[in-house]
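The data blocks that follow each hold one structure.
The same chain A turns up in both complexes below, where it pairs with chain B and then with chain C.
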Partner chain A sequence: MMKKFLKLMAVNRSFFLFVFLIGMFVVFSFIIPEFSTIYNVLNMTKYGVEIGLLAFAETLIIISGGGGIDLSIGSILSLSAMVIGVLAGRLGVNIVIASILGIITGGLCGVVNGFFVSFLRIPPLIVTLSTMYVYDSLALLIAVDKWGNPMPVSNFPYGYYFIGQQTYFNIPFQVIAIFIPLALMLHFVLSKTTFGRYLVATGNSEVVARFSSVPVRRVKFTVYVIGGFLAGLAALIMTSRIASARPDLGAGLNLQAITIAVLGGTNIMGGEGSILGTLMAIVVITALYNGLQLAGISSIWQVGTLGIILIGSAIANIILSKKFSSVE
Partner chain B sequence: MDSVLKAKKIVKNFGGVKALRGVDFELLAGEVHALVGENGAGKSTLIKILTGVLQPDSGEIEYFGKNVVLDSPREAHELGIVAVYQEPLVYKHLSVVENIFIGNEIKKRNGDVDWKKERDVTRELLKSLDIDPYFIDEPMGSLSTGLQQLALIAKALNYNAKVIIFDEPTAILTEHETQRLFSIIKKLKEKEVGIIYISHRLEELPQIADRVTIMRDGQVMGTFNMNEINREKMIELMAGRAVIEEIDRKPPKYEEVVLEVENLNKKGLYQDISFKLYKGEILGFSGLVGAGRSEVMQTIFGLIKPDSGKIKINSKEVNIKDPASAMNIGIAYVPEDRGAQGLFRALAISFNITIPIIDQLSKFFGMVDKDKEREISENYLKWFQIKAPSIYTLVNNLSGGNQQKVLLSKWLATSPKILILDEPTRGVDVAVKSQIHNEILRLAESGISIIIVSSELPEIIKLSDRVIVMHEGRITGRFDKKDSITPTNLLNAATGSRMVYSRD
Partner chain C sequence: MELKKIIKSRELTVGLVMIGLIVFFSLSSERFLTTNNIKNILLQVSSIGVASIGMTMIIITGGIDVSAGSILGIVAVTLGKAATNGFPAWLSIILGILVGLALGSVNASFIALLGIPPIIVTLGMMSLLRSLAYTFLGGRWIASLPGAVRWMGLGKILNVPVPIWLTIILVAYFSYFMRYRPLGRYIYAVGNSLEAARVSGVDTKRILFFVYALAGLMYGIAGAIVVGRAGIVQTNTGNNFELQVIAATVLGGTSILGGKGTIVGSILGSLLVAVLSNGLILLNVPALTEGLIIGVLILGSVAIDVIKNRGEE
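== the complex of A and B ==
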């Protein structure tokens, strides 16, 4: 019984994270009484949405293989956020149109990344490292006000805030109306569709995929574009939630998104990973950040613990799989 | 002359395959000893054993009269046995001097590398071979293959090598580079170095070799002084009386041309390739490894873009821009390398079988129809008798023969009209091989046109209605009559530059 349990932990990353989550919940509940209240549990979910969308984007991109990675994902978020902010807040464009253009901006950033990666065959690390700086600069550039300083924008129309601040029975709007449907859709695409098959094939071996008539370039291009759109969507939700668009919104999110995808069992070499795994990793990290905050531990510790958990889970995985996942 | 290296009764098996069946081989100091045989005769295995890469199952190796055990390449190297391969293994970004002394640096007293001395020694080494040492500071990667070989020979001399093995050294050299290599080999002989020389260019052997050993099916067919044997005799021994299975097959009608290739060219890969493929025929492509056959097939399948030439399907010229468009007009290509080209080893059997046709298996929103997927996969599993617990078993967990059946299933599932098989029975056991052969014959019977690329003569001879032979990127033989398809004829065309025709 115990052996079976540990073996499942070794083989199934989502189960591993689930067990970890339960453990964490128990510990936090003992230390902090308000942690496990329904209000807190439901409320904390909204903090996982934006980083979660970015982590989903990274999951698909990393699965595509060949060093697939997007270091610019947070920078796309910054740029999209500023596009929405500047259009709606400074130029008075209709907020719906501004939001759509903001998301499209994210998609276009993905098109640029995808073009360089799949058609010019430049390594993804180089491409997205470069575009990371370019998108960051563009976000700052359009944030510049008439006195020449990049400034945040916060005068959104009131109706805009429902996306990031409305709740139904304490469940945040963005969780129930955007995040969960998107997670289901991406899970469907990755695990049930022909595109998902092509993506896994490409990530497993680009040569075999080419020999199998898989449209390798189109597949790689597509995941970067999807990634861009998801980052644009995350920008929309974030600006609405904090009621402000700043050119540094996505700072630090690039690597966090990659970290969460990897924690969720996405193989950094490509070809392997799941939306469910990444989702579990998002839940774990969100709950962890929330617990640390409620326990009064400085937020300086947040990313540090993220790092510790990633390396810790890698070590646990090695120990478990050595013991239990060998062919019997 | 003294014996430098002597192999006695060497036996080596890979699983059930007998690679070497008691091989005796002797190399003398200062001789050039050629080693010839067709692909799979056991030359490479013997060389790997002599250089410590593989260990023999039984047999002994004597080095200067003493028994030695070569447990690792390093050990062989330290004794002075060095191999120079066709594609030299070098550190591309390091200079010639650094390559020669890597791991064996000359040091000053304070531990620094003594560059001056290293460069002096390198110059001396090259000069002793009559080579102008102008290139010793260049990065290896910027040199031609010929110069890289020379640098490696210098490296071997620096290690005080007593045995140097050349594995098809001239296959990718220009005529000028070849002549230079020969004169250097003569210099090495003067230094009492023993040289094993593997080559498929039989015509160059009288110029360079003192003796020749001929291998076939893991056995030595004989060792001769070079002046006692001619090319015809060598080919006869290489081909031998291979056991050719007789099969009962009616020749196809040769009425309908399905595929026609006209003057296909790709620089560095193949030149002037023209041939026709008829409905229901089995066309064999024979030749040695590296003759350019796979590259021609990959061009037809849209993986390589030709520089010039036409491909016609049913007498209409087509533009095959990628494998998907090749598949759409009914072409399937089963690649030679199962692991690197054919199958996703870490994924399930069903995934592998259905990936080329996955678009046809989708229902709404691109969703894969799992029932159809299971049905197709299970059909092939049953029909080909693939031994696996289920269709969701990972390919990695299957034996070579079963993997090969999965690979064939994958392409048969596309219902091709033209089926190109590249080494369809490589690394599979006898039972699976004959099962695959029967399947190929049955497919041809049902009207599918088949091209078989195989380096195994018995396979080509058994199955093919007609045979085309390629050598170094060109077609060097066409055999249209069944009784002209003999081992000797095919080998003659595969090893020489002479054109061999046999037509009605």
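== the complex of A and C ==
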């Protein structure tokens, strides 16, 4: 029984994270009374949405293999956020049109990344490292106000805030209306559609995939574009939630999103990973951040614990899989 | 044959682009080609250049290290704390550098001995060390550093600043090392094919351990230079440093797929970035466009390289 349990933990990352989550909930509930209240549990979900969308984007991109990674994802978020902010807040464009243009900006950034990666075949790390600088710089440039300094924009129309601040029965709007449907859709796309199969095949071996007439280039191109759109959407939600667009909104989120995707069992070598796994990792990290905050631990330690968990889970995985490979 | 190789080499491309930039900036601004400004550029290059020695070796083995900036941050904090708590200057500097070596060895243990992918280990370390640096500093700066501690940044030997000496000596030695020492050749072998190297009797674990530990030492030295030059330790000391070093390294022709690259190339890569950002400032180009230009430069130069070499594969 125990052996079977441990084996399932070793083989199935989502199950591993689920057990971890339960353990964490128990510990936090004992230490902090207000942690396991329904209000807190529902309310904390909104903090996982934006980073969650970025982690989904990284999951798909990393699965595509060949060193697939997107270091520019946080910068795309910054740029999209500034596009929305500048259009709506400074130029007085209708907020709906501004939002759509912001998301399209994200998609276009993804198109640029995808073009260089799949059609010019430049390693993704180099492409997205470069575009990270470019998008960050563009975000700063369009943030420049009439006195010549890059400034945040905060004067959104009031109606805009429902995306990031409205709740229904304590459930945040962006969780039920955007995040959950999108997670279901991406899960469906990855595990049930031809595109999903193509993606995994491409990540496992590009050569084999090409010989099996998988449109490898188009598949790779597509994941970067999806990634850009997800980052644009995350920008929309974030600017609405914090009621402000800043050119450094996405700073540091790229590496966090990659960390969460990898924690969710996405193989950094490509060809392996699931939306469910990444979703579990997002839930674990969101609950952890919330618990640490309620326990009065400095928010500086949020990323620190993320690092410990990332390395710890990699070690646990090695120990568990060694144990069971020797049995068989 | 040899000549063709040189013409095709990345070092030459980067070198020519740089000469072009230098000519352009010299013609556009009379302040560019002055002894003082050149010294400035070289000083700016030194910390990134020294760190890129380690990064180049790591990327040649097919790995990556995103914890470089965080390690540099901890080195800076250690050095600053030691110096302001009564340790003699030389001991503070050595302590800081040793902390770099120790943290590099931690990376090395996870990667070489446990076999965890480098990106995962260094991502984890990056986050963890960043939090540690914040905690040690407690949100404050260390500003009142005694002058002697800043020797690695401000000192001079024969009227040439110490950081420039350090960069020249380290680059010269490790270029020789990579080209002629067995261990250096093994690093390329591991990067070309880990399996083939292992089967040929190369102790691949030892090679990987050496590379990541040495990189830690280089970040330590780079940290001492940064603290020396800035004279201040902040919570964000070393932020984004890793990406600058990686950018300089890949710009200099080190293949992200491993097995290919030179330290001289990486130095040229970091020089190119430094010349560019210095020249742009002198031309009064808004600082905000710097990232834009650097990004386009890296992508453009790699794209040209990829297209140029495509026919051969």
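The working rule: the second predicted complex is superposed on the first by the 324 of 328 C-alpha atoms of A that agree within 3 Å, B and C clash if a C-alpha of one lies under 4 Å from a C-alpha of the other, contacts with A are read in each partner's own complex, and residues count from 1 in each chain.
By our rule, a contact is a pair of C-beta atoms (placed from the backbone, for glycine too) under 8 Å apart; a residue touches a chain by one contact, two chains touch by 3 or more.
Fair warning: this is a prediction, and the values are worked out from it, not measured in the lab.
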{"item": "Most chain A residues touched (candidates chain B, chain C)", "value": "C"}
{"item": "First, second, both or neither for A:90, with chain B first and chain C second", "value": "neither"}
{"item": "Which of chain B and chain C A:7 touches, first, second, both or neither", "value": "neither"}
{"item": "Which of chain B and chain C A:200 touches, first, second, both or neither", "value": "first"}
{"item": "First (chain B), second (chain C), both or neither touched by A:304", "value": "second"}
{"item": "Touching partner for A:187 - first (chain B), second (chain C), both, neither", "value": "neither"}
{"item": "Residues of chain A at both interfaces, chain B in one complex, chain C in the other", "value": "none"}
{"item": "Touch list for chain A against partner chain B, complex", "value": "188, 192-198, 200-201, 204-205, 207-208, 210-215, 271-272, 327"}
{"item": "Of all residues in chain B, those that touch chain A in their complex", "value": "303, 322-324, 326-327, 333, 335, 340-344, 346-347, 351, 354-356, 358-359, 361-362, 365-368, 397, 410"}
{"item": "Contacting residues of chain A [partner chain C, same complex]", "value": "67, 69, 71, 116, 120-123, 125-127, 129-134, 136-138, 140-141, 144, 150, 255-256, 258-259, 262, 268-269, 298, 300-308, 310-311, 314-315, 318"}
{"item": "Chain C residues within the chain A interface of the complex", "value": "64, 66, 110, 114-117, 119-121, 123-132, 134-135, 243, 246-247, 250, 256-257, 286, 288-296, 298-299, 302-303, 306-307"}
